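Read the structure below first, then the notes.
First chain written, first letter: the chains are A, B, C and D, and each begins at residue 1.
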């Protein structure tokens, strides 16, 4: 397709993104912000696709537009009134001892501070653009991308993004799974799951009956296809989590997660645990940490990704539940 | 031997998972992990001292394509301090949370925090540093909010927002670096980076992000409530280690990787902010009504001293004077880490025993808890910078550097800061000593009092009298 | 053949623009959510066309995920929470 | 330099600074969380723009992998923040 047509698409996407970002950030009402943010995520998916980043587009469609949106919507709907309450009001409620420190919430009310910060942001935008244009116009060496493709054959997969994520920079991904685990443990430490949803009506049940199997099927497909085409554990995990979220929205309580605490713990830990175990096994075999033997690499990556998908999906579902599952017997379904 | 580096990250992570799976054995797992990791850190320190810089290429890929872990004298010293503080705090926490139901939530997050600290100090890759920063930030927030009521949750939420904003600014800087230089590896970057808009704006973004997390004045507003309302062992680690980890990164960027890019004018900015932090933090500590807030404001001030070194190190030419000042900076940071964690642990005991930590009502603490009061006094000595504490050496070198660089302003700041520190320390001790009979057993709760005492004693006596190896180790640099 | 695809793409771009106007203007939350769904559906169409035009078969997968997950967001919007905590 | 670099690079910078401004100035906690997400998206857009090498060249996979990691980290942080907000409002209702 020729450049002019692409230019029209680019301009439309950029206008849509900028106006949606601005509207999301300046909305007076939190619920409106959330809806605009979801629309922003949808358009963003198109932009990633246009910039030839299908892996990122998949993740954005699953997480950015879908799950983050559901998380945020649940947050505004849970406390429609309080979610809007400003930090200023909250700080006023702070009944602990006198705070000696200057309170930034008070500072914010000052018009002068608002303008100073706005001018600072404008200046930052100019500096950023200046530096970025310098960087993009200078002939930066492409060595890293070249060495990725040079070593792709030894990585065990043929999708370069999966190779970077699960082989060349696998250590990042291991720590990222630890971040997910930290978040869910932090959520557990904070509270129990929020109240559930009303049992679904016939229309919703119809949606559930075809959407959930489709999501599970799609998750399996993404996991498998990730080795040689866009896809992988994260996209698959988010898709699987979406199935859980739908079930939860339809009023089901345990949405397929085990009730037993120890089984639940295993599911949460298995992603990072298996990853670490593979890494340490390599150490025991006299190889560097996470250095897979090339012949085994493909299988090991698939194994790690499967475990990671399970943990990611469970983590995201529990994040949507907003706390540790209750042990009480379920009477509603 | 060289596997030490990866085990410093892998072992706490593995134990975190194990404590989540086997909560019944959590304490045993944590204590044995703490001992093993401390031995590991000591082994690393020894290896760096004898063999020089340590490098570990994860996955066997060359750094750049893959991620490398690196340890030089600076990171090994900080890893060792982290290990000592965390070992002592783990023992303390096992008694502090004794049969509290929070315990099973606490241990996995605690070990994840340790894992992220070690990973940050060892990381040789800019994006990996971003991931470790996020891991550190989230685990710290989760721990700070543990079991807390409104005030603690409020503080934790602000801490989280500030932390996320800081990491995002850091990531923006990393993005510019990748756009401009096509690499994320720190060693490669330090070879190719050149003064220019890309390096300046990337450094500025990363620095602002890190200073937010390090709580340098005036970006410190979140620290006193967060450190003041967390459980005691968490406060100790937040004040002693978590802010130090991001400070370490600022050091690494300004004094090592971007040292060719930084101009004297730029280096005076952290200096001026540091001076303001020293004065403001000390003043607020003097006015604080609660011990924990006093300790938290004192952290703001002590971080200020560390930033005073930046303009001086920039002004001094490479050579003996600069090396001496560098050692002073590191020993000041180490002393503060040990002393402040000791102080927070001691405050935790007082809080648990008397149900409050209001300074005015401390009368008789010296009689009821003599060992704890002694720990507070020892850490006070280190915070003021009296001899023989490590902070005395640090401030000595700070003053020497200020004289030889001819930057007299800092001398005044150091003087005033020291006087204020003496004032707030003696204010606490003045209240703690009262006219009451002493008990027969000075140590009443061994598992909690010993860790506090040892940390403070180490800061005051250990580092002061045996600080010379620090200068030797710092000669091993990337 | 590419000409036909381009005409379709232009039509979808117009639809995206209209959806954008409605999502920005509201006025009710429901209007915005419906418009967001329009953007999502339009996006699915555009992704399929781009998949052909750019020669990127993977974009068809993206379209599929977008179609499935946009439904999740809509369900989250309409799902009603229990008032009390006794579930 | 390609037209797409100009367009998307500029938008990335602008979206990031829009987000930053809202993080600093917005009063609502929830909207600050959203603003952080928008800000992150701006940074991700810069990364994806850097990776783009024109319509016929394969893009650099490393920024794509970094963005994927970044998205997962962002959703974890968002989830934790939302739970904290919910817990805080519950706690305030009890007071």
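Here, a residue touches a chain if its C-beta (ideal position, glycine included) is under 8 Å from a C-beta of that chain, and two chains touch if they have at least 3 such contacts.
In this text, all values refer to a predicted model and were calculated from it rather than measured experimentally.
**Q** Looking only at C-beta pairs in contact, point me to the busier pair out of B-D and A-B.
**A** A-B
**Q** Using Cα averages as centroids, what's the distance between chain B and chain C in whole Å?
**A** So the centroids are 48 Å from each other.
**Q** I'd like to verify one number: the distance from the centre of chain B to the centre of chain D, where each centre is the average of its C-alpha atoms, in whole angstrom.
**A** 29
**Q** Roughly how far is chain A from chain B, centre to centre by C-alpha average, rounded to an integer in Å?
**A** Taking the average C-alpha coordinate of chain A and of chain B, the gap between them is 30 Å.
**Q** Taking each chain's centre as the mean of its CA atoms, how far is chain A from chain D in angstrom?
**A** For chain A versus chain D, the centre distance works out to 11 Å.
**Q** Which positions in chain D touch two or more other chains at once?
**A** In chain D, residues 16, 20, 29, 33, 46, 50, 55, 62, 69, 73, 76-77, 80, 84-85, 87-88, 92, 95 touch at least two other chains, as defined above.
**Q** Return the residues of chain B touching two or more other chains; collapse runs of consecutive numbers into ranges.
**A** 127, 131, 134, 138, 141-142, 145, 150, 154, 172, 176, 179
**Q** On chain A, where are the residues touching two or more other chains?
**A** As it turns out, chain A has residues touching two or more other chains at 52, 67, 78, 87, 90, 93, 95, 128, 132, 135-136, 142, 144, 148, 169, 172, 176, 179, 182-183, 186, 190, 194.
**Q** Hey, how would you classify the chain contact layout here, line, ring, star, complete or other?
**A** The chain contacts form none of line, ring, star or complete graph.
**Q** Can you name every pair of chains that touch?
**A** A-B, A-C, A-D, B-D
**Q** Where on chain A is chain D touching in the complex?
**A** Listed in rising order, the residues of chain A that touch chain D are 3, 6-7, 10-11, 14, 17-18, 21-22, 24-27, 30, 33-34, 37, 40, 44, 47-48, 51-53, 55-56, 59-60, 63-64, 67-68, 71-72, 75-76, 78-79, 82-88, 90, 93, 95, 105, 108, 114, 117-118, 121-122, 124-125, 128-129, 132-133, 135-137, 142, 144-145, 148-149, 160-161, 163-165, 169, 172-173, 176, 179-180, 182-184, 186-187, 190-191, 194, 232, 234, 312, 315-316, 319-320, 322-323.
**Q** Spell out the part of chain A that touches chain C in their complex, as residue ranges.
**A** So the residues of chain A touching chain C come out as 1, 5, 8-9, 12, 16, 19-20, 23, 31-32, 35-36, 38-39, 42-43, 45-46, 49-50, 52, 54, 57-58, 61-62, 65-67, 69-70, 73-74, 77-78, 194-198, 204, 207, 211, 214-215, 218, 221-222, 225, 229-231, 235, 239, 242, 245-246, 249-250, 253, 332.
**Q** Can you name the residues of chain C that touch chain A in the complex?
**A** 2, 6, 9-10, 13, 16-17, 19-20, 23-24, 26, 29, 32-33, 35-36, 39-40, 43, 46-47, 50, 53-54, 56-59, 61-62, 64-66, 68-73, 75-85, 87
**Q** Taking the complex as given, what residues does chain B use to touch chain D?
**A** Chain B residues touching chain D: 127, 130-131, 134, 137-138, 141-142, 145, 149-150, 153-154, 156-157, 160-161, 164-165, 168, 171-172, 175-176, 178-179.
**Q** Sort out for me which residues of chain D touch chain B in the complex.
**A** Per the touch definition, chain D meets chain B at residues 16, 20, 23, 29, 32-33, 36, 39-40, 43, 46-47, 50, 62-63, 66, 69-70, 73, 76-77, 80-81, 84-85, 87-88, 91-92, 95.
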